[in-house]
Amino acid sequence: MTGHDPLVIAGVELTSRLIMGTGGAPSLLGLEAALLESGTELTTVALRRVQAGGEGSVWELLQRNGIRALPNTAGCFSAAEAVLTAKLGREACETDWVKLEVIADDVTLLPDPVELVSAARQLVDDGFTVLPYTNDDPILSRKLADVGCAAVMPLGAPIGTGLGILNPRNIAAIVADASVPVILDAGIGTASEAAQAMELGCDGVLLATAVTRAADPVRMARAMRLAVEAGRDAALAGRIPRREDALASSPVDGRANLDLAM
Amino acid sequence: MTGHDPLVIAGVELTSRLIMGTGGAPSLLGLEAALLESGTELTTVALRRVQAGGEGSVWELLQRNGIRALPNTAGCFSAAEAVLTAKLGREACETDWVKLEVIADDVTLLPDPVELVSAARQLVDDGFTVLPYTNDDPILSRKLADVGCAAVMPLGAPIGTGLGILNPRNIAAIVADASVPVILDAGIGTASEAAQAMELGCDGVLLATAVTRAADPVRMARAMRLAVEAGRDAALAGRIPRREDALASSPVDGRANLDLAM
Amino acid sequence: MTGHDPLVIAGVELTSRLIMGTGGAPSLLGLEAALLESGTELTTVALRRVQAGGEGSVWELLQRNGIRALPNTAGCFSAAEAVLTAKLGREACETDWVKLEVIADDVTLLPDPVELVSAARQLVDDGFTVLPYTNDDPILSRKLADVGCAAVMPLGAPIGTGLGILNPRNIAAIVADASVPVILDAGIGTASEAAQAMELGCDGVLLATAVTRAADPVRMARAMRLAVEAGRDAALAGRIPRREDALASSPVDGRANLDLAM
Amino acid sequence: MTGHDPLVIAGVELTSRLIMGTGGAPSLLGLEAALLESGTELTTVALRRVQAGGEGSVWELLQRNGIRALPNTAGCFSAAEAVLTAKLGREACETDWVKLEVIADDVTLLPDPVELVSAARQLVDDGFTVLPYTNDDPILSRKLADVGCAAVMPLGAPIGTGLGILNPRNIAAIVADASVPVILDAGIGTASEAAQAMELGCDGVLLATAVTRAADPVRMARAMRLAVEAGRDAALAGRIPRREDALASSPVDGRANLDLAM
């Protein structure tokens, strides 16, 4: 019924709109089960200082399962540091895709808007496919798209908080303005919030700890997979308008002989 | 993975936790497709003045598809009227299950708490399996359970508004207090809200116009089915705690040779 | 400017729209200073088992300061108990005003809707001026007004939680429907919430612990007095509409020589 | 009681914590009455292209009433344009204070974060006392303080929307991080929201259309003055904690002879 509805980033088609992170997983075995249950086809890996992973690494896990790896620049505090990290990652992982993170400090973990734009510009110019993690400012997202990013990935709430989407209007404004896919990244704590992100018009959802640190990561991975699908369907199904006043689902009068007909 | 997890009401097992209503459907054909896509096993039908439905009726549609019918007392404004309607429905539909609605007026469509408890008591005494539509007051839900109702069905928002769950704390309080299944009934407008109801601990969700009046009812039916499953999984998976402060998903320091190992 | 705008309950004019409670005050001296700073002219006192207060009692404090006492039936769990307590209070306090509380249990402290209506009816019939503490159900408020209560006092949130107004739509619906004054009672934690209650159309606010248990009760009493006045003024001043899109406060173009003219 | 509690910006003491704008006022006469009722001591005036105002100008109105004028750079879309406008304003108004606005476009009216920091740096270097209008990103506010701004002025919601404070956590985070005064600027629609801004820890509130476009601007000006005072008092009074569970304001048992003593 829902037909072919892939998420397309930089020309690459992904059937699943759920992008996973790997941080917070207590074991590789548990991580693998959760990733498989999530149905994800794209998963981020930290690459601040790169080294090819051997047997038993996340790298090897992703390759074995045919999941595309998305190196990130987690832990970088400046454009220069992020650009260098991205280049090392490209060499090690043999992909020019990068999740660009340039955070302002290690307490808030919030993006540095000025350094972020600078790094994005440099990486795009250097041929990278750049997916930047950004705050929920519509103007910053626009700047990132304008310098050539392949998607924008605004936060719902600060990393690891599980607070959901603190400012849905900003996310909707980013979507309305966007010329590239919008991926909700950070803040998701539970399934309904992933569905909400999709209903706001996001093209995908990226999350990690909500699954990896849940009591039952595999079950939560399943919940997230279903929620992203549910939210996508709801976004496309044309929801009923919100009304201030009640509306009977069936007429209250004159139903004498018709009740069982409807 | 998720195993056998049925919704049990009055000893009857339902695999689907999504209960549907039929109001608002523009055509029988469209209604049938949406009901089938939703996966529901229990569907309400209005029965204010009862008459067995012939070919081409909702009644016949439900029987043909093996969906259990739940007659309701929509449009009743007093305990006496609701009790009479329920009895006529029992005869016509050959079921002692009834969705009990006693509304205060036809503008707000809100339940009348005093008449509702009175009607519930009478119907329970008369052998009915009573599923009352109620406001979100935890005390009223407790009274309804105390008089022997088989479930309680609090509203998220007034009927037909699509405003979602206006007071999640009340729903959580009803769940915490409940000795019978709790079904969120009324107010749901989109999939994330159905998931949220389940995450709050509800045992099921009842909705009608969110599906029947959506632009694409079948797609929205699918969204709701997935969302209820997602919310149930999320509720059982043990979500991460909400945190005021950010938390890195991976350590920020000392990751020199370990990034690809996690 | 704002002229004569009293709160009128049962024909009695009150200049202040802030009704205070006395519970939670650590000392009589501190309570007196807070009550005076609040500007209240009506204050509730618990009267489950009545006995006239001597020197150094709250009773004497209120009389000395010309503050009208409003005996309440706190701690009553049934209509019969509340009616008896109210009668004892009337005798002891020589007033037929009563704040009617009938709670369902001592954990939630939520009103029992069925017992509350029953007690209200009996007390009105017996000549009392009844101000019932109720949940935020618009139908219950209507029933209380219909049996002759002089005001209705819905909760914003459960007693002592300081969670503010959990369901503003219900409060607005109660106001829209009400034939008697609406006093927001319970749940207020801080000044902005008292202002919000007034903006929703409430005629007054009743609070206790938000002041008596604040670190600086006198300063919080002042905050509440100002907030109730601010909210009342805002409600009457005709606020700007909420808009989805930004709107420049001055035209963006063609202002060459006009900027300092506006 | 509350003593001397001025707002101090760049060494200048202001008794009122309400900063007004003038945009949207239908007449000078009405504007003057509202400004006086608001008690403001600092008021912004648009200065994109500057020219000293003669008799009957806003400029003259402010001078006559002893209200300090705060020229702004409304309508500037780049750092260069804003810096030039600020310099013209300094000459015309004989003040080195400037409300710095660098917006990204004339639809969203949202600040351009990159241009804003650049303009702020240049103006601080040139000796201006800079009060920048910013989005609610804690990192951008930090950058603005770091380059030497005298205050930061984050938005609650986009200009003119009257939506209040869409992301209170961001405002609280800005306050927690700030080394300079924080003024909530833009988005306020009604009095309770101004009080909330102060309760979140803001040092002041700046608003225009909420007053100038209200049905009764003078009454709304009074509401805002009272609300800002109420919020400031509440912030300093030490509010009660928010509790998930109800808490009786007086003990439920053993109150036989003590009720009137408290």
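By written order: A, B, C and D. Residues from 1 in each chain.
Just so it is clear, a residue touches a chain if its C-beta (ideal position, glycine included) is under 8 Å from a C-beta of that chain, and two chains touch if they have at least 3 such contacts.
Please read these numbers as outputs of a predicted model, since none were measured by experiment.
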item	value
Any chain in contact with chain B as well as chain C	none
For chain D, the least number of touch steps when starting out from chain B	2
Interface residue identity across copies chain A, chain B - same or different by half	same
Mean-CA-position distance for chain B and chain A (Å)	31
Separation of mean Cα positions, chain D and chain A [Å, integer]	35
Geometric centre distance via CA averages, chain C-chain A, whole Å	46
Chain A: positions in contact with at least two other chains	108, 110, 163
Chain contact graph, described as a line, ring, star, complete graph or other shape	ring
Chain-chain contacts as defined at top	A-B, A-D, B-C, C-D
Chain A contact footprint on chain B (complex, rising order)	1-2, 21-25, 28, 37, 45-53, 56-59, 74-75, 92, 106-110, 158-163, 189-196, 199, 208-210, 212-220, 222-227, 229-231, 233-234, 236-250, 252-253, 255-257, 259-262
Of all residues in chain C, those that touch chain B in their complex	104, 108, 110-114, 117, 135, 137-140, 142-143, 157, 163, 166-167, 169-170, 173
